[in-house]
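Each of the next two complexes has subunit A plus one more chain, namely subunit B in the first and subunit C in the second.
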Partner chain A sequence: MGRYVIRRLLQGLLTLFITLFLLHYLMALSVQIRGNPALLFFGGERTPDPAMLAQVERLYGLDDACYDRTGDPCLAPFVERMQNYARGDFGTTLTGNQDVGELLAIWIPNTLRLFIFATITLVTLSMILGTWAARHHGRFVDHSVRGTTILIDSVPVFLVLLAYVYIIAVPLTNWARGIWGDESFMGQLFRPSYSADYPWVTIIIPGIIVGTVGLATLTRLVRASQLENLGSDYVRTAKAKGLKRMRITVVHVVRNSMIPIVTGVGYTFAYMLSGAVLTEGVMGIPGMGRMIFQAVQRQETNLVIVGLTASAVVVITVTMIVDLLYAALDPRIRYE
Partner chain B sequence: MAQTLRVVGDTLPGADMNAPLLEVEDLQVEFAVRGSRIPAVRGATFAVEQGQTLAIVGESGSGKSVTSQAVMGILDSPPGHITGGEVRLHGVDLLQQDAETRRTVRANHIGMVFQDALSALNPLWSVGFQIGELFRMHRGTSRKDAKLKAIELLDLVGIPDAKNRVGQYPHQFSGGMRQRVMIAMALALDPEVLIADEPTTALDVTVQAQIMRLLRQIQEDRDMGLILITHDLGVVADVADEVAVMYAGRIMEQAGIHQIFERPANPYTKALLKAIPRVDTLGQELEVISGLPPNPGALPGGCSFHPRCWAAEDKCSIEDPPYETVATGHRSRCHFAEEVYRDER
Partner chain C sequence: MSESLSSEAPQASLWKDAFRTMRRRPDVILAALILLFVATMAVFPTLFTDKDPTRCIGRDARQRPDTWFRGEHPLGTDGFGCDFAATIVHGTRPTIALAVTVIVFSILIGLTLGILSGYYGGWVDAIISRALDVFIVIPLMMGAILLLSLFRGRGSSGGLLETVGPPALALTLFGWMEFCRYTRAVSIETKNLDYVTAARCLGAKDRRIMFRHVLPNAVVPVTAVVPTTLGSIIVAESALAVLGVGVQPPATSWGVLLAKGTEWAGGGYIYLFGLPLVLLILTVFAFATIGDALRDALDPKLR
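What follows is the complex of A and B.
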């Protein structure tokens, strides 16, 4: 078990390192091909004073000669960046000169909150619906669960979000505030936009909406793996052992069907990032998704790299947790 | 002689200790498939007494496993339905009991050993947990004591170093050892009847013999009734007291083991016996029963075996033969049972 964990951790670190380097190389290429982002500092002015440009380039670490040679991997700036990250220095933004580290301290928790609510929604809904469908497989319940989840999944997230924000949120908020008051949990819950004063409550609804992305896939995964287990020989043995139905379900069915489900949740988590971009945009949540999108638009090289690094860390961490869960769930993997 | 049930606190209500241990009478099982009902077991009747071994022999699809699952009450339903008959344990018809009573009968009164122990054991739990679970769920034993009981049982079924192996997982055991674990599990709550459904089919020949010996020995030690389900008449010879031969959901012949081997009264049994490889027929071509078992959805009229029968006459395709007694404790379902019995056919 110990060796398994160490191997997975090392693999995770290696993946992270390769991701970081690829990100760096891609950004270096974009600077080399698309042009110097330091020009942005001067707004609309096309030909700034060369001395000032050089100073700005130095300030943002863009003065290395490698940025003029297309295809150069720019190793020196990469090493420097890694050293800065290790010290907790994530640089500043091009526009506004804000400290990226401080911004991350606001953005990352918001996105994590969004993911927490989304994951809870996704796992709960798909487990309940999938189990229900498996119990009644081939019958009306099964077909209607499939139909409904595919319908929910095929409506784009932004459409659901827009419908919520412009049609449902305001009347619902007014109604809730009329009963429970402005400052109450319910009064804040249905707000059409994020509020920095209520960072948890106002992210619940957006989280639930993001959680419906991938619902159909995961529900069918739960259904399929439970069906497989319900018909398995060891469930028959459990019946022959005179165990109660509840005991059989919890001990001999659910745990055995968790492996594909855990895999599915891992995948969907990575997939949720794209949902987060839209959701954070529409609901005005200052989070990683919205930040990365805007950084790409504004050619904020540093922000893009930091943002994508953060999301890579999240995806790699989740993958590693999934791998460790496998080992916790299945002794055959643990002793491999 | 009135005798208390072995399981204190789990006594079957209304049990009569003078009644036979387990009797199955005219058991009917059907499968509902795509709107039609397909008969799987058509009137099985047999009994097992304490300390006795009954072998149910038949080809695949003859209904022997379905019969055992129906007796055990673990038939997958749907599609399976018991449509008639009785399953009496100490005179109590189990089919009339509520689900909760039936549940406690399992493992407490009737234990079951399955064919493929690798898939019949849950791969995610240690064997100690799976055996101990029985004590914890049925007797309220603590986790620690349940583990001790599991070690005791593993020791009993001949697993060396049981103390260390109790925490291991099914995939860490060999095929024979896994089957021993299955047997330990079936024995845990000291049932009066043990049903072994093809317990040796998935094993090597040498291991098969060991497992059969173990089953026999445990059955004698504990004075249990044993129902041995198999497709291999050869396996049966050493262990069974009684044999019931099944074909297409029906019992074709039932008699003591010597009767069956020496004086079969049914053409099907005779054909089966000829198909057993023997040392004294070495080098000769093995006899086979031509054709395939009938599709249960489209059974032939008359006697179900007639299309493959070497003794069939016109009558056999029209009239269903009665289940008749040819000698004491020897019954056969054939129009020519008497003649076959006297070896005139």
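What follows is the complex of A and C.
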């Protein structure tokens, strides 16, 4: 077990390193092909004085000659970047000159909060629906659960969000505030945009909406693995013993069908960041997704690399936890 | 039930069985009809409209479709006076072409890399697995946004290839991993089975074993995920277009129509947003339904 964990950790670190290098190379290529973002400092169209441009390039760390040669992987700046990251220095943003490390401390918790609510929604809904469908296998309930979840999954999540923000949120907020008052939990819950004063409450609804992504897949997984268990010998024994149906479902079926479900949740977690880009954009949540998108648009090399690396760390960690959870859930699985 | 079935069709193959099960489900038939409609629209746009989507008359701008499906403009006109029915119909081809291109290339890359890494193992496997990890770590949308924004060219009004090319390339680059994983798993599982060893003893070359004996095993798991993936590619395309990095505006696709439609929907021209949206949801729903049924039909465990 210990050796397995160490091997996985090393593999994860290697993946992280390759990802970092690939991102660095991409951003370098972009500077080489699309032009130097230092020009943005002078406001787009104007041609600045060469000496001033050189000054600004030095300020942003873009003064290395390799940025003028297309295709050069820019190894020297890469090594420098790695050394800075290793020291915990994540650099500053091009616009506003803020410390990226401090900004991350604001963005990461927001995105994590979003993910927590999304994961809770996804797991709860798919467990309930999947169990329900499996118990009524082949009947009307089964078919309608499937049809509904597929339909929900077919509607792109950003369109649900747009509809929520522009159509539903304001009347709902007014209604809730009329009853419970402005400052109450319910009064803040339905707000159409994020508020820094209520960092938990205002993220619940977007979290729930993001949580519907992948609902059909996970419900399907739950249903399939429960059907497999429902037909197994130990469930028949439990039935023969005269156990209650609820007890059979919870203790014998649900628990044993957790393994594929844990995998499913692990992988959806990796995809959630994609959903976060649009969600955070629409709801105005200052989180990783929105910031990475804006950074890409503004060619903020450093911000993009730091942001995507942070998300890579999350994905690698989650996948590893999932693999380790297997052993905890199924005593037959042992890692050598 | 199952006995009478098997006596009825003694030679039934997995595919024939799957087809027979699928044919009996009403939801699958409905989904197939929707897809047929969309495919016809993509291949023969002139069957549905005789107007040119690029011929726009400013005088006729923003006509609501009061006479639904009849009259001069069956679905009204958009903000620049272009016939909206023609715009939607002609926007179908890029959308479908993009989805099909992405899936074909993703499967090709995935199958090739998957079988190479699964069959040879060793350092080939090590390299391909690392590449797999790296691409999985960067989420699809993020990767596509990154590539498309970094290397954004001028707005293209050229042919289909120029319009669809960049988003297709970006989505393919971050979409092959699922197929690769399935193929790799299948190859590892089957390469040491008796019939493969037998083929090797008979002197079959590596290439023959890979393509004749190992690869066919991967066809079933890969096919089962294709329809659902097609649906998600269409959604990804529309998301990219709404963000402004997908197919670029002089050209049309459903995503571009949605992106433009969001600006008009608030001002009372909700059909400019609603119609492409309904079409998109129906198509994705149809793909997902067929995908769901296909997985069931191809999964021997659920028989």
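The rule is short, and it goes like this: the second predicted complex is superposed on the first by the 308 of 336 C-alpha atoms of A that agree within 3 Å, B and C clash if a C-alpha of one lies under 4 Å from a C-alpha of the other, contacts with A are read in each partner's own complex, and residues count from 1 in each chain.
To be clear about the criterion, contacts are C-beta pairs under 8 Å (C-beta built on N, C-alpha and C of every residue); 3 or more make two chains touch, one makes a residue touch a chain.
Because the structure is predicted, anything quoted here is derived from the model rather than measured.
Colleague: Is A:Ala224 in contact with subunit B, with subunit C, with both, or with neither (first, second, both, neither)?
Modeller: second
Colleague: Classify the contacts of A:Val304 with the two partner chains as first (subunit B alone), second (subunit C alone), both, or neither.
Modeller: The second partner, subunit C, only.
Colleague: Please work out whether A:Tyr234 is in contact with subunit B alone, subunit C alone, both, or neither, and reply first, second, both or neither.
Modeller: first
Colleague: Counting touched residues of subunit A, say whether subunit B or subunit C comes out ahead.
Modeller: C
Colleague: Touch check for A:Arg255: first (subunit B), second (subunit C), both, or neither?
Modeller: Only subunit B is touched by A:Arg255; subunit C is not.
Colleague: State whether A:Tyr271 touches subunit B only (first), subunit C only (second), both chains, or neither.
Modeller: second
Colleague: In the overlaid three-chain picture, which partner chain does A:Lys244 touch, first (subunit B) or second (subunit C), both, or neither?
Modeller: In the superposition, A:Lys244 touches subunit B alone.
Colleague: Which partner does A:Ala328 contact after superposing on A: first (subunit B), second (subunit C), both, neither?
Modeller: neither
Colleague: Jot down the residues of subunit A that show up as touching in both complexes, subunit B in one and subunit C in the other.
Modeller: In subunit A, no position sits in both the subunit B and subunit C interfaces.
Colleague: Which residues of subunit A touch subunit C in their complex?
Modeller: These residues of subunit A touch subunit C: 11, 14-16, 18-19, 22, 26-27, 29-30, 33-34, 143, 146-147, 150-151, 153-156, 158-159, 162, 166, 216-217, 220, 224, 227-228, 270-271, 273-275, 277-278, 281, 292-293, 296-297, 299, 304, 308, 311-312, 315-316.
Colleague: Going by the contact rule set out above, which residues of subunit C touch subunit A in the complex?
Modeller: Those in contact with subunit A are residues 27, 130, 133-134, 136-142, 145-147, 149-152, 228, 231, 235, 238-239, 242-243, 258, 262, 266, 277, 280-281, 284-285, 288-289, 292, 295, 299, 301-302.
Colleague: Provide the residue numbers of subunit B that touch subunit A in the complex, in ascending order.
Modeller: Against subunit A, the touching part of subunit B is residues 72, 74, 76, 103-108, 111-112, 114, 116, 119-126, 133-134, 137-138, 169, 171-172, 182, 185-186.
Colleague: Quick check on the complex: what are the subunit A residues that touch subunit B?
Modeller: 231-234, 236-244, 247, 251-252, 255-256, 329-332, 335
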